[in-house]
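Common to both upcoming complexes is chain A, partnered first by chain B, then by chain C.
And then the complex of A and B:
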């Protein structure tokens, strides 16, 4: 007989929470056996492709599809006129607006979908796109949101009543025909009074430029209508497969049980794959019309030009403080450029997402935030690119505001942060803009970070560098970027978070098999986060079966329980909690079975790693494996056979991960080239499920932050032409441009989450962007710079240096 | 439609022969004609490297090569690098060092890395970063990819030394 394992050895054998378990996904991905949407091939499948508008604002005079239809291999060409009888030429957006599926009389942004060609292969489809003749009449183009609110040009005629009046939008009254909503939070009167009376006020405008999540795999789908059985199967790059099923049902009229949505492997999402796009609707219609499967996969230019941009916020801020640096109030007005349609992906009651987390990590007694959404001739979107809803904007705003205030006060920005942090004993902390922060220990994290990088030493080195520069001994400046961020993730409580009326709970269903292995299905969908690895770890610890014996399955709406999907760092906070709770239901039943088998009362057995033991007699036990078999093998009085559980988890609150980042950067004043010498990232995401995966998330999020801060943008010219439509112009860093990062952590569990986890995937992006930007701004601080807008590419940095007179 | 060409090529050691329009891109030949779906399409402009394969001993981005240009070529994709029973050292190393997340760039990344380690068997970190700069990853930040490749290089060198 084998030697009895120790408790620790039994725990190690489970590969449960806290260990660096290797990923189960990797076998297929490293061998080229992933199954992404473009890998799906169905018999008789056709290909869809779009005719897109070359103009940013134009009226459509005519569309002639004859030549395209005459091409051998073309099956159909759809226009708005074909979709109108079905009521599908427009579709609802997640933000309560509506969006054209195919151009209905006019186009509002360059690249807008005008006609949809269906052909036997992708080459013929592309040829046919060229043959569709569209006659346009150009209209005045508006690319500036401030100009839009002053302009006589009406972008959305569909939103102006016949008498010229403006009906309310989804979020209340509209002030101008190009205005979408005003969202106000906080105490305006008191905030303005505090700012008026303050000893010190810092004020600035921060533009957070338009960018794009740009996952390596673009968006796409395969729609397959089975006319015999009346069932529609829709494969696609969906971050929220269940929500997509409901949306498809609502707009197509097909009953929800007749729709099966499958998200196969997804090649990165970062928010790009949350929304519903015209390509999905057209593919579904095309499959219904033709009776065969239709595939649509956008190319990279279509991805960058038309699906789901992020940011584009003009944030004007005022912050008030005492002479000693104690912050007394914060004011922010944001002008949000939403493009031609409001297709932001935010919870319904939050038209600017959780932008009201903009008081950050600081104990600010009073605050006010207003956001005005505006239409322009740009692509719709406004998704949260690797962040919870608009949280990156909020954190960038407060972390730049703090730096500007430090200049105004002539105070060290690290110290300014420290004296304003919410104190450990203040948690749970109610912020001036209405959130209840669950837990935190900011001072400990901050001190640890500053000590790790020798902050005082860095400042001394920087001062010396400035002297050397002034003395002509060097042409390089040094920037120290600081950031302390608090995120708000894990949306969210059903009482205030829904999308299209669907509460933002999430779910897990577990089936234990007779021989002691299991399958668990969740309402979320991994896009690289490694759910199949980490959720099995949660379960291994909760139910005492090895993680290697637990299959995790997501993304098939016919098999998975309903959930709202993966974005906003919600998988671990919400579905992870559901997983733990479902596991506890399994354990509760297992306890009764164990007690029966051990012939003791339920209360006389207790869970011990992988078994139930008789209290006080650990040699008497039943392993979970034995219990699983008994659940299927024995007739136990009063207990149903089988061992299954399901949990729908409605979180009582959001979670609030936080972190302290420091970036040390050298800048060549003559070329604008930046060199990141050091980047230290301390993250506190609560309980850590898999440190290896956490670290990987931090590296990736920081790199996406580097991209956004140092060069990545979706830029338009005055005519509304996209200037950054390929990877030649749109900056994605390579291994050559990216530094090695130092990671560190503290652990402050969430008090309301079943396992104390807070989520981590987006923290590094949220904290990273201001940290890189602060480093650039900090490098020029000694020469009088207060603020310069992102992205800090070499050319813009050179311009900054030039304006400051540093080129002699 | 242009006249079809008679194409012959070797893909992962297997002879292939078919008729194709000369404009057909090699990535589509592999993925759609031959059902070799390891190489992926990320940009179709040679920037991202998700479609990287080895052609006649050189790393090539198959999204910008016509099938006509690959006539007679010897092509190796990720599927030809290792098998489930005998993984390539790089395939093991990427798993061991968490060198992938969503997996979309991984086949191209490993295929390129396999050539890099033939070109430079014991690369420095800088050489790895430079040699891999044609392959974009959006998830990992490269740190663990670089680590995986350096670890694979060390293991392959050690195995080579032991064999000598």
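And then the complex of A and C:
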């Protein structure tokens, strides 16, 4: 029957790369049949809940658990004193610091875990939390990182030696007791000299406010210690299940083969679920102590207040250029507020992540970046919210810097970008701050974008609007936000990327079944990205079996090959590459089998969509289905039975997706209300595996970008109280706030990736935030605004307009 | 986000409701749509040992428009209001305002009674009721009584309602003339940064009657009699509008919160009122 199909029809039947295959996950998600951590119910399961600190900085004078223990149904109340004998009252962070699991003598942020109650049901646990009596002595609170570096108040006594000296931190010497690290990249001396001698210098401070990834599903776990066989099973919302297994083994002393970590369905991660939290440690300890499973799931407020914030970077920048606008140097100093513990999730050698991608898409001859990490009385975290390790901060910095330089030069910002882009022929391009950009064609993408939105027409319309505003004919201004971003994703080469010493390769293991279907397991874990759909498409194309016949499985460390998980847009660049490579191993063996079956030499058959054909005689072929059956059931001399392969892929380089975004916004000067009239997003993520999934990722990422730029923040008052602890105040946009997005693309494949794919899940967030922000800033440019900080919510926009004297 | 334990009562009639209220005093509270009360209980900001669900009590919901008098039962939902044709005709401001409350899911549950009895300065209905000069009909152990919306609100979450009283209905005369409910909010589902309810009557070119109420700009709704008076007898020209806005600004007392500093809120209140007056006058 197959014989009658054309080549194209056979390819279509596979639903391989490039096709808009419907997401196989959605049937269960849209029917409420997903299986999330909180759906897991094990016999005899207990429930954990935390007593949390109401204060941002306080000494703990006493904890009395008697009343809580007396409540019917309470099984245990753990405090630091109970964990100390096990050495588990503190735990290592991913950033080389350590963090209290339960408050050890003091608390450093509001919401910090003080005691862990274990009870027979969730309600009793919550009641018992109220009965734990904690006596606090309030201490001076520091919420400002600059003040922190000047303050006599010592936040972390554990990091000061008895003689008052400061031992080195994980990233070198510390300048002050509240200082964590200084990280320097680039050529300071030359950069400062270039800036000193430059014809034009633009300078400004950009605050990228603290926000939070806020996945729909909060963090949680179920720990189940089987005391008979000594095995611990840990279900959790983990973006990196294998790394969690290794970390649990290292800190608990349980041998790694006795730990099974399972990430079931995950309802969004965005970086929030990369780290290890006190809830996991306490649940594991509680299960070990009680011998029954223990569940802990944070509520929304706990999630927003305590687990893994993002951003909080004060970025001071200077950029030098010639009068014609050719950039000659870039300087950046960042003050990074890390909160009470340094729990950033970055590769070990990069304490500020890939902030050194901050030269952006531009050919900048010399640059210097320094980052100082600082402790304050805020929650720890510093995760990469829908981005690869601080890339959002870097891109925001350079894309604001460019706009400010354009003002200084009195030049159109689109033109300024164009004359400074790295040129197509310069790739692979070595940046001043040490990266090697793999491929790009920025000019083509930029021209396409500007033409699509009629950029000149927009500027003319804007000029008219300014005239009308000045003439009193309108109270609305128009902003045109531009962004050209380059990301660095797919961490990463083991030679320079590891987390806690774990190399950042990834993996895929494939088993072809005799009847021509398959299962592939990966070291990554989908949190909504649609891995079961896309990875099957990669394989369909690579091995010639229909995507619908390929099951993709992730997240169970007992069955999946080791990998570092899903974040930083690394799944397709790393695990996707492993998938293609494993598929090619399958194909290589299939070729030998096909040659044997067709009675020709190995070199005389070639792969053709779903089969091997005899070269020059396409009517002689064996389909992959036939080959699979033969692989298991036919004795083939010199070839082992079976058809399986595994690949561990250590990427030779990162990938560098890029894109050109334009936002058109109307702003009501009197109320500060913004209206996004148009948003155009051109993305180049290299080879496109599933255009529909890409489209979905772009929409989602842009919406999170809109949120961050226009209102989403974790705000503290001077006492360190979180002011945005619920979704009433923490901005999550709904369909109502979201504009219509126009998507577009160019394709510049990655030269070093087996299928040329670069990763796309985070691009829209990385590029979207500066684009929305630039639109707001641009609207007020004609009235003298250089820069105003995000989030651009109504009152801040109103304040900007007010300061510019626009309210009469 | 786990409420403390409570006893759940579900009486079949008002006598049953009142019996529980009398027995438990301020330990008991009625539950309507639950979209204000349940979040408060989950946050453990409201401690309600006895929760009395009103949904099985007959006669508490429904809208009647009779001879220019509108009566809306306490358990009528915001969604019911939006869908009611006769009400939309008699008092279109009710529909316009309801469409700006929360989101469709909340409006299917949230009731008029809960919204006005709650006493949260963020609720939109109380200001609207003051603008309409509505009457609240309450029932308690001693029978029914009426109180004017303009006299009902004492402070945040403090109203004239006694602990053992239940709101039966709100009633008002169908307004004539122009109307507008204008609200600034940060996102769908948000309470007002500033909101204004405006009713204007026009006689020739002159404003013959005006009623103005503001929401979420004090610890109670603010019916600004002075603002209304500033428009009456004028042609609602720029000077009159300025005067009305100035009068309103004298009556509100906003506080700083995540929606912004006081200065901004006052500015927003002025803008919102200007727009509401313009729209209402246009419709008058």
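The rule is short, and it goes like this: the second predicted complex is superposed on the first by the 805 of 808 C-alpha atoms of A that agree within 3 Å, B and C clash if a C-alpha of one lies under 4 Å from a C-alpha of the other, contacts with A are read in each partner's own complex, and residues count from 1 in each chain.
Everything that follows uses one rule, which is that a residue touches a chain if its C-beta (ideal position, glycine included) is under 8 Å from a C-beta of that chain, and two chains touch if they have at least 3 such contacts.
Note that the structure is predicted; figures quoted are calculated from it, not measured.
Visitor: Per the contact definition in the header, classify A:299: touching chain B only (first), chain C only (second), both, or neither.
Guide: In the superposed model, A:299 contacts both chain B and chain C.
Visitor: A:793 in the overlay: touching chain B, chain C, both, or neither? Say first, second, both or neither.
Guide: After superposing on A, A:793 lies in contact with chain C but is clear of chain B.
Visitor: Could you tell me if A:410 is touching chain B, chain C, both of them or neither one (first, second, both, neither)?
Guide: A:410 sits against neither chain B nor chain C.
Visitor: Tell me which partner A:30 touches in the superposition: chain B (first), chain C (second), both or neither.
Guide: first
Visitor: Between chain B and chain C, which one contacts more residues of chain A in the superposed model?
Guide: Greater contact footprint in residues on chain A: B.
Visitor: Using the touch definition from the top, say if A:268 reaches chain B (first), chain C (second), both or neither.
Guide: first
Visitor: In the superposed arrangement, does A:6 touch chain B (first), chain C (second), both or neither?
Guide: Neither partner.
Visitor: Just chain B (first), just chain C (second), both, or neither: which does A:731 touch?
Guide: second
Visitor: Quick one: classify A:62 as touching chain B (first), chain C (second), both or neither.
Guide: In the superposed model, A:62 contacts neither chain B nor chain C.
Visitor: Considering only the contact definition stated at the top, list the common interface residues of chain A for chain B and chain C.
Guide: 122-123, 299-300, 728, 734, 736
Visitor: Help me check something: in the complex, which residues belonging to chain B touch chain A?
Guide: 1, 21, 23-24, 28, 31-32, 35-45, 47-48, 50, 77-79, 82, 84, 87, 91, 94-96, 98, 100-107, 110, 128-130, 132-146
Visitor: For chain A, which residues are in contact with chain C within the complex?
Guide: Interface residues on chain A, with respect to chain C: 49, 122-123, 125-127, 130, 299-301, 670-673, 711, 715, 723-724, 728-729, 731, 733-734, 736-737, 793-795, 798-799, 802, 807.
Visitor: Please output the residues of chain C touching chain A within their complex, sorted ascending.
Guide: Residue positions touching the partner: 1-2, 4-5, 44, 103, 184, 186-191, 193, 258-261, 264, 267-268, 271-272.
Visitor: What residues on chain A touch chain B, complex-wise?
Guide: 22-23, 25-34, 36, 38-39, 41, 72, 122-123, 214-218, 265-268, 270, 297, 299-300, 527-530, 692-693, 695-696, 699-704, 726-728, 732, 734-736, 738, 740-741
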